[in-house]
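What follows are several structures.
What follows is a pair of complexes built around chain A, which joins chain B in one and chain C in the other.
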Partner chain A sequence: MLIFTLRRLNLFIFTFIVLTALSFSLSYLFPGDTLINLTGQVNASPKQRLFLIEEYQYNSNVFKQYWAYLGHLADGDLGISISSHTPISYEIMNLLPATIELSVVALFIAMIIGIPIGFIAAINHEKLTDKAILSISMLGYSIPIFWLGLLAILVFSIQLGWLPSAGRISLVYEIEHITGIQFIDILISDNPYKWQAFQDATLHIIMPACVVAIAPMTIFIRLARTSMIEVLDSSYITAAKTKGLTFWQIIYRHAIRNSLVNVIRHVGLQFANLVTLAMVTEVIFSWPGIGRWLIESIFQRDYTAIQGGLLALSSFIFIVHMLTDFIYAALNPLARDRKHGA
Partner chain B sequence: MARENIYQEEEFPSPLLQLWYNFKEKPFIMLAFSCSLALVFLAIFAPIITPFSSSQSHLDHILLPPAWNNDGNVSFLLGTDQLGRDMLSMLMHGASFTFGLSFIIVITSAIIGVVIGSLSALTSGFKSSFLNHFLDVILSIPSLLLAIVIVAILGTGLSNTVLAIIIVLIPQFIHTTRNEVKKEFSKDYVLASKLDGASPLRLLRYSIFPNILEKIITQATLAQSAAILDIAALGFLGLGAPTYIPEWGTMVANGIDLFYIAPWTVYFPGFAILFAVIATNLVGEGLRHALKLRKEH
Partner chain C sequence: MSLHTKNKTLFTLFFILFFMGCNNDNVNLLSKKSIIYCSEGSPESFNPQMVTSGTTTDATSNQLYNSLITYKNDSPEISPSLAKSWHITKDGKKVTFYLRKDVTFHTTEYFTPTRNLNAKDVIFSFKRILDPEHEYHNVSGGEYPFFKSIEFNTLVKDIEEINEYTVRFTLNRADSSFLANLATDFAIILSAEYAQYLSKYGSQYQIDIMPIGTGPFKYKEYRAGSFIRYLAHENYWQKKINIEQLIFDITPSNTGRLTKLLAKECDVVAYPIAHQKIADRPDLLLNEITSFNIGYLGFNTTIPPFNNKLVRKAVAYAINKDVIIDTIYFSKAEIANTIIPPSSWAYNKDIPQQEFSITKAIAALTEAGYPDGFTIDLWAMPIQRPYNPDALTMAKLIAVDLEKIGITVNIFHKYEWTTFLQLVEKGNHQAVLLGWTADNPDPDNFFTPLLSCNSAKHGQTGTFWCNEKFDKLIKKSLQTTDIKKRKTYYADALKIIADEMPLIPLAHSKRFQARDKNITGKLLKAFGGINFTEINKN
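Up next, the complex of A and B:
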């Protein structure tokens, strides 16, 4: 496990260098003045500009500039937004939790519904149930998400009127921003109406989370199905059968556990996909997350924001990736000895 | 001795032909295959066969519902949009943007990815490990986010979207090619030709490529459905095709404001995207299934 951890740490450092270098080089790639792209100080006076040039080592070579950039990153300084002049790190702190909330809820929905359905398909392998589940799951990952979101709004908010169509919570409730994760904020607030607020927030998240969850769910169905079929084919299941266990005993005691381990391995890979879907969904449902903010930043040519957003979002995804890798390695001793990334 | 074959001639199909035989056995897959062929046909010949031009507006027929509706007009089979443009013609033209461009994207990125991937498979040590980690990082960034960043660098517009999606898809091809080439390299038949004195490039050309071609094609179908969805998503977000181009995602975005009074302006383009992606995915599924069957033989 120690060697595994060291190897992962190595990868982590490498990834961090690549991501920051990518984000740093964006200020050169974006149109316009490099220093303005990097800092977001559009209206800097000549004196301020001199100060910034000194700060970011703008007159030295690229490596020194990159080093200065890293120093600013370490202080949590990502520059200020070109359009709104608020610090990027402050905006990200406000917006990223909303995206995390949406994607985590969606991930749970996808896993809780997708994995059991996949197991059912695998148990009925090559039968009608299996084929029906596979065809429906094909539909699920072919559907364009923005279209699905629009249809969901039309049916559930406009025609049936069951669920609200936009935002995180009704404006009636005033919830103090502490952790940024709305549900936790509501629970720790001392608002007399916090249960109503909680209900309202739940109603708001159902539809966007379900829309985001559809495509990953179908992928979980397929993953769970393949891994269950593999497990049911293995020799320890045959051994359990010869021991005289009934079919359901085998499924509960041996098959589900072993196939779940394989599914968990893919959660990290699916997460990048899920965040992409969440970004589009945020636009449709006016969810105040980082995806919507990034897309608006493009229209406003707010390059500092795009740079910071890219860095924040991809490091978040990479951290989730690493976490699932660790969980997988902790659960499955076989994975620790294997060479990773070599 | 009884002969089960009436014909004396015995057929030994080539690997690719065998793949085709396995592929065409499933009628459902063949249906999807013909649908995607039809889409290719549409993508090429849309300007000739559409009833109207995609930009021609009929000002006396604005927001006409589809023909089966009581208020519909049969010369506008799927109705018209808020500028009086014929939906059917726009959808047919859209095939060449959303579906046709996805072909170009996939072919370009496949060629670039395969070349880089196979060359990198020949390297080893630090260079190889560096590339592998680098690809891992790039692959962990969500494809749409990467595309958005590239669009931000290049500016919005259809051609820049295409370029962005090509760049986004390349790492997947590098990854697949690299893994497959490495796998083949460790096999005995490659060793045999190596002992015959074949150079690495010759090995790639004559021994390895014929054997990994199907894997790359399978990857290409996956990439294509992703490309269609990405073009449409960027079009929908207003970063891709400008509003006057009848790209399916852009058409959905144009229809949003009128969703409640003219739902067909959103339904049909969405269905078109869904149809194209399902057809592509089914063809990919059929290919994977045929590959598996051939392996089991």
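Up next, the complex of A and C:
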């Protein structure tokens, strides 16, 4: 496990260097003044500018500049937003939890629904149920998410009026921002209306989370199905059968656990996909997350925000990957001994 | 039943009960005590003295503040507000206001007032605008666009405290629009005590960011581009406020506001689209009101061919206003017969709607000596305004109309707005599409800025039209406070405009608002910002 950890940390460091180098080079690649792109200080006075040139080693060679940039990153300084003049790190800390919340709930929905359906398909392998599930999941995978989101708003918000169409919670409720995860903030707040707020927040998350969940869900269906079919084909299942266990006993005690291990390995990979989907969904449902903010920054040509946002988002996805790898390794001893990273 | 399934059932039951349980005590729902207004943009400031944009006055003036006097329900009469009465000397140069004694300022987390409103607050609020040396004059920019436009500093000579609850304005000249201007959304009263408190900490700039006023709602929270949260002012002097919270949900997207209305996430929305869809829903209401503005086609009356009254009339006959209302305003406007909108008391209903007749137009043109027509330059304003949302298309429609009577139109639609206005002032055009939005409900606000000889000198309106008889009438009307007399003066003035036709009034745009049926009370006014004081939620 130690070697595995070291190997992963190694990978982490290299990936981080590549990511920061890319993010740093963006300030050169974007149009306009490199120093302004990097710091976001549009209206810096000549004196301030001299200070910034010193701070970011702007007159030295590129490597020194990159080193200075890394120094600022280490201090949590990503510059200030060109359009709103607030520190990027502050905005990210405010917005990223909303995206995490949406993604986690969506992931949860995708797994809770997708995996059992996949298992059902595998158990009924090559039968009508299996084929029906496969074709529906194919359909779900091919639907463009923005179209699905708009359609969901049209049906559930406008026609039926069941679910709200925008935001994380009705503005009526005043919830203090502590952790950034809305549900936790509501529960720890001392607002007399917190149960109403909790209910309202639940209603708000249902639709966007389901929309985000659709595509990963179909993938989970197929993963779970393949994994289950493999397990059911293996010799220990045959052995269990010969022992005289009933079919459902085999499924519950042996097959589900063993096929889940394979599915978990893909959760990390799916998370990257999920965050991308969440970004589009955030725009449609006015979800105040980092994706919507990033897309707005692109419209406003807020280069500092684009740079910082991309770096934060990609680091976040990368960290999630690492974590799921660790969990997988902890669950499955075989994976630890593999010589090369998955 | 195994233990496992039992747990599951219990859990499901709990879950259902949890969601149902919350719905039972409807009386206590916070959403029933709050109103969400989906507005079209962020305010630029929380002090309407500093800006003239409609978004800002909607969000601040009537919610956070009061003025000395006010217009109640669009009536032409000025009614008391913070001043319970006032007195004007015979020469019209001294105006004394007697203040109410029971007016409290907002108590918030950031400021607790120790006294009620008195003369010091009134003096502070106006001295800030008038006196360039005043400590607060230059805070947040030092621009007071509305007061600048009415030349407030040359009108007011002095403002003094007679006693704790009496304030006197001394004017340089009599001006009957003075009271009207004090009743606008811009002439609000700030707290002098709050200003003093802020000076002590050197944070003067806060006065316009974290406001303290006397209005029905007090500031709680603002997140730029996202929302404003106001709470009811518990001790509001005028009445008890029925709602607990007023929230401005800032939603710049038109479809976004419509969706929120249909999904019941907003109680009231500003500037709705898809009027038919809203009107079809039984649970929603669509309100409309004709705004105090005018979009017009102005003639450069100093150069041929439009220095000839008959030519101007010929053009007026040839323009099909119905098509313009349908195409440019999508029927969200009223055809203008005169420069005054019908809701103003100065409106003269004896002036008929301009007739649309190509034959009469050709006859007039022949009589004027242009049987074969001519070519003109028509300048179309380069920006959108409520009174003219699309000047270029309007110019094209007019060009098609005029072609029928032999007038060829070259459309000028370039330059940026300020350059455009500067060139119009120089008189480079022959005809121009422009408009005007009134700053206050006094009808003078249409006459003097648009068609007085003084305005002709500045040339901003593009007509350069100066008629002495007309000028005398509107001046006379300003010297009296008798509305009956003023009405007759203005009726005559309007007749002169209809006869001389220095400009063709085209449209008064309408302002729309949509709301849930549960929301009762009047919100829209023909003039000025919205007001939530009278609003209830059932």
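To be clear about the criterion, the second predicted complex is superposed on the first by the 341 of 342 C-alpha atoms of A that agree within 3 Å, B and C clash if a C-alpha of one lies under 4 Å from a C-alpha of the other, contacts with A are read in each partner's own complex, and residues count from 1 in each chain.
Definition applied: contacts are C-beta pairs under 8 Å (C-beta built on N, C-alpha and C of every residue); 3 or more make two chains touch, one makes a residue touch a chain.
Note that the structure is predicted; figures quoted are calculated from it, not measured.
Undergrad: Clash or fit: what happens to chain B and chain C when chain A is overlaid?
TA: Fit: chain B and chain C sit side by side once superposed on chain A.
Undergrad: Tell me the contact category for A:I158 with respect to chain B and chain C: first, second, both or neither.
TA: both
Undergrad: Is A:E174 in contact with chain B, with chain C, with both, or with neither (first, second, both, neither)?
TA: Only chain C; A:E174 stays clear of chain B.
Undergrad: Please indicate which partner A:A166 is in contact with in the superposed arrangement: first for chain B, second for chain C, both, or neither.
TA: In the superposed model, A:A166 contacts chain C only, not chain B.
Undergrad: Mind checking the angle chain B, chain A, chain C on Cα centres after superposing, to the nearest 10 degrees?
TA: 90
Undergrad: Look at A:L29 in the shared chain and tell me whether it touches chain B only, chain C only, both, or neither; answer first, second, both or neither.
TA: In the superposition, A:L29 touches chain B alone.
Undergrad: After the superposition on A, what does A:L52 contact: first (chain B), second (chain C), both or neither?
TA: neither
Undergrad: Which holds for A:W195: it touches chain B only (first), chain C only (second), both, or neither?
TA: So A:W195 only meets chain C here.
Undergrad: Which partner chains sit in contact with A:S84 here, chain B, chain C, both or neither? Use first/second/both/neither.
TA: second
Undergrad: Could you look at A:V283 and tell me whether it touches chain B, chain C, both or neither (first, second, both, neither)?
TA: first
Undergrad: For the overlay built on chain A, what is the smallest gap between any CA atom of chain B and any CA atom of chain C, in Å?
TA: Shortest inter-chain C-alpha distance (chain B to chain C): 5 Å.
Undergrad: Could you list which residues of chain A make contact with chain B in one structure and with chain C in the other?
TA: Overlap of chain B and chain C footprints on chain A: residues 158.
Undergrad: Enumerate the contact residues on chain A facing chain C in the complex.
TA: 84, 153, 157-158, 161, 163-167, 170-174, 193, 195-196, 199-200, 286, 288
Undergrad: Could you list, by residue number, the parts of chain A that touch chain B in their complex?
TA: Of all residues in chain A, those touching chain B are 11, 14-15, 18-19, 26, 29-31, 138-139, 141-147, 150-151, 154, 158, 272-273, 275-276, 279-280, 283, 294-295, 297-299, 303, 306, 310, 313-314, 317-318, 321, 341-342.
Undergrad: Can you tell me which positions in chain C touch chain A when the two form their complex?
TA: Interface residues on chain C, with respect to chain A: 19, 22, 29-31, 34, 36, 220-221, 224, 226-227, 229, 245, 247, 249, 251, 256, 259-260, 262-265.
Undergrad: Where on chain B is chain A touching in the complex?
TA: Residue positions touching the partner: 129, 132-134, 136-137, 139-145, 148-149, 151-153, 155-156, 225, 229, 232-233, 236-239, 249, 252, 256, 259-260, 263, 266, 269-270, 273-274, 277-278, 281-282, 285.
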